[in-house]
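A short worksheet on the structure shown next.
First chain written, first letter: the chains are A, B and C, and each begins at residue 1.
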Amino acid sequence: MAELQQTLTLGELSDALGGECIGDAGFVIRGVKPLAVAGADDLSFVTNPKYVAAAKTTQAGALLIAKDSGLESAGLNAGLIVVDDPHLALARVLELGFPESNRETGVHPTAIVGKGCTMGADTSVGPYCVVGDDVVLGDRVRLGARVNVGDGCVLGADSAIYPGVVLYDRVVMGQRCVVHSGAVIGSDGFGYASATGLPTKIRQVGRVVLGDDVEVGANSAIDRAMLEETVIGSGTKIDNLVQVGHNVVVGEGCLLCGQAGIAGSAVLGDRVVLAGQAGVSGHLEVGSGVQVAAKSAVLQTTTPGSIVAGIPARPIRDWQRQDVATKRLPELMRRVRQLERAQEVKDVDSDQDADSG
Amino acid sequence: MAELQQTLTLGELSDALGGECIGDAGFVIRGVKPLAVAGADDLSFVTNPKYVAAAKTTQAGALLIAKDSGLESAGLNAGLIVVDDPHLALARVLELGFPESNRETGVHPTAIVGKGCTMGADTSVGPYCVVGDDVVLGDRVRLGARVNVGDGCVLGADSAIYPGVVLYDRVVMGQRCVVHSGAVIGSDGFGYASATGLPTKIRQVGRVVLGDDVEVGANSAIDRAMLEETVIGSGTKIDNLVQVGHNVVVGEGCLLCGQAGIAGSAVLGDRVVLAGQAGVSGHLEVGSGVQVAAKSAVLQTTTPGSIVAGIPARPIRDWQRQDVATKRLPELMRRVRQLERAQEVKDVDSDQDADSG
Amino acid sequence: MAELQQTLTLGELSDALGGECIGDAGFVIRGVKPLAVAGADDLSFVTNPKYVAAAKTTQAGALLIAKDSGLESAGLNAGLIVVDDPHLALARVLELGFPESNRETGVHPTAIVGKGCTMGADTSVGPYCVVGDDVVLGDRVRLGARVNVGDGCVLGADSAIYPGVVLYDRVVMGQRCVVHSGAVIGSDGFGYASATGLPTKIRQVGRVVLGDDVEVGANSAIDRAMLEETVIGSGTKIDNLVQVGHNVVVGEGCLLCGQAGIAGSAVLGDRVVLAGQAGVSGHLEVGSGVQVAAKSAVLQTTTPGSIVAGIPARPIRDWQRQDVATKRLPELMRRVRQLERAQEVKDVDSDQDADSG
């Protein structure tokens, strides 16, 4: 698959990455592939120490490795680019080798744009888009086909909205945001007064605000606040099918993995990681740097830097110990039964002693 | 954010809510805000006893409070509206203060409408909608942009369908239903005959029927029945990313929170609450009034009124006790080991006793 | 609901199913209904031994039953069709009785089709579709309304794409695939380099490849690979709201039930079943024939044929035993406390013995 759209030599690439080039600097890289399938024309990469062994048998013509990988002196046939952080360097390689194609700019004749909109330079509005009134699109904003942008939305420069996205009214996003197909931003929060009888809807009059460099995955949903703002901080990345409830505040640089969910009015600090299918209950705080394991449920305020797991979530070490213990629980029950039997025997003995005493 | 679109005086609002007005009835309310951010021109609210303390320090010019909140006599500077149920009253405040804007009615010229459709008075069909044959839209039904309505669908009066929704053929909904963007109603149930070889699709020929006042959240999916009807009862509210399988029957006034899922042929009574990410297995009954805690999995028929938690779900008190015990399980294992050691010592002692006896 | 679009006699149907007809072969079947609601003109069915009792009281005029059901000799009034596999036979009945209506073919005038596309015979492209460049649609492919097909996609013959689906660039699917509304295939994988500072996006340059007879449910999302291919094997059926991460490889004939999720780079064998809301962690293998219970989380490589449950997933028998034990855990703690008390008494006794000794 990953044949470079633009070939590069080992030396050029090494320079671009600020790395050390070992081997033939003129070697031409034609593709970027995983260790197992890379061939003589390909660059592969070792972004994780656990792949060092596989690197020794790869057919790749060139390898991107970390300084401390120990592979420099492993006598490999491949040309090498040695860098501090090969994961970050790989991101750069793919940017260089697979440049984004130029898209047409302008408003497609089938797009419907409301009154009072402001369009930056080189914006593009795809076919069958429906853009409301008083919308602001920053420079180079791209709306794919069939995007719906509600009244009063503001999209920062270089943001890209994929086909089929719906932004309800008054969504604000910063620069370089990416919203994938099927995502819905600004939908009604799930708020009802239900003390008596059937639930009565509480009108949701707030909005959603995304910072810069936020990415929202396919078919995710972010509800607008009841009164104020649902906020996603700059640099936060949201995977597919993630639910963010109304009034939620997510800090900067967080990673919300697939099918994670955050209930209404929860507040997340910066660099929080929710692994896949994790959940955060409403009206609580998750401190900066907290990592929540897959499938876990945060049901109470969690101190910064904690790594938690389980339902309800607890420190991961505790959860692991408890899980080990749970696996031994049927055996433990047998052992307790045995102790009880021994106890009964003794009681009988001591009764007999007493009798015979 | 929440500046009123239509200002109201304290007295007007109190009258509209059937409340008791304490303070300057002529005070003009300009916004509705949470306690922490409300200012001198704003109304705030105390819908929950746990916010009573915060109410004592708010800068809000006016407060909506409950009769039994004890705040009447707290010497607050704010004007007061005293009501029985401030949550319900807040719902009314937002209706009054943020009236829905009048939308254009009529069929947008880009909408495609099939044969034999019946349109009620003041319906609106947005741009790029595709409406099939023999569809009935009740009075004042609103279809946002890019809505797909399959053949033979019937939508009751005052229902609102947001952009991008897809209704498959023969979906029926009552009055005042709301369906949010990205929701899909009437898709094929997940039914396969798979005794041998690859799964063989079983054609799904039923339909979906929603009662009155049903709300379906963004990107939720409700499958049609294999033969008969998947039913969502009147007044039931469904949050975002919820899955409802084929043949499911949900009663009235239920709340299905974000990412909850109901497997095929399950039957829920009235006023059932599924908290976030909860699941209900197929072919079982969940009695009226049952509440299922977040992340829990109902794997068997559950009696009316139960509050359950866990995987599999059990009475929540049991689950809590078991969770407390699980946290102490590693310690329990040490204690049992200690008892066993004591036992071994005794056995040795009594062996020795026997030897020396 | 399920009145046959095409009536059939008992004899005709029995012949078509290769079954044995018992009773009046000329009996005209007008509907197909579940046991509880079927009437004198309807065929009902017993696909599961647990419905044998209900079959004895049904009002159905005809019944589809299994050879080994014991119902042949039960003296029922209904006409009978006796087959080896009534579930599979039911699939055939519904195909015969509810034939798909003929849809119009051709490209709707509002559809936008790019350059260099190849259209097979009798393809249909619905209103407001946007098809990119160099797309190949096989014979009889149907695109519903508002479908987005990215550049370079290839759709095999007889595949059907429902309204609102988005295929990103270069998605390849085999023959007879079905993709339901709201599904997104080929979206960016969730890949970031985040060793230091904010997450840096890693461009995702791979693609998604579906085999033949794959079905993808409403609002599901399948990410494209970082470099190579995300693969869904032939005959695999994916329910609604399922997440498939980048680089995942799913084998043939798998069933991924509602809201299941598979994290990046996981590899599933053939005929794997993920029950509802189950999850599979990244970079691991799930062997052929593995069944994962609802809500469970596979966190490590799992051997073929295992049936697993729990978080983390373990053999289901172990999980069941541990669950039973967990329910008795509070009682166990009391019993251990009692043993300790008895122990303390003994220690006191033996101290006293020692004192008095």
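Everything that follows uses one rule, which is that a residue touches a chain if its C-beta (ideal position, glycine included) is under 8 Å from a C-beta of that chain, and two chains touch if they have at least 3 such contacts.
All values derive from a computational prediction rather than experimental measurement.
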Contact graph of the chains (line, ring, star, complete, other): complete
Same-residue or different-residue interface between chain B and chain C, half as cut-off: different
Chain B-chain C separation of Cα centroids, rounded to whole Å: 25
Set of chain B residues in contact with two or more other chains: 128, 146, 164, 182, 219, 241, 259, 277, 311, 326, 329, 332, 336, 339, 346
Sites on chain C touched by chain A in the complex: 110, 112, 128, 130, 146, 148, 164, 166, 168, 182, 184, 187-188, 190, 192-203, 205-207, 219-221, 223, 225, 227-229, 241, 243, 245, 259, 261, 263, 277, 279, 281, 297, 299, 311-312, 314, 318, 321-322, 324-326, 328-329, 332, 335-336, 339, 342, 346
Residue ranges of chain A in contact with chain C within the complex: 1-2, 32-34, 37, 85, 87-88, 90-91, 94-95, 98, 110, 126-128, 144-146, 162-164, 178, 180-182, 213, 215, 217-219, 234-235, 237, 239-241, 252-253, 255, 257-259, 276-277, 294-295, 311, 323, 326-327, 329-330, 332-333, 336, 339-340, 343, 346
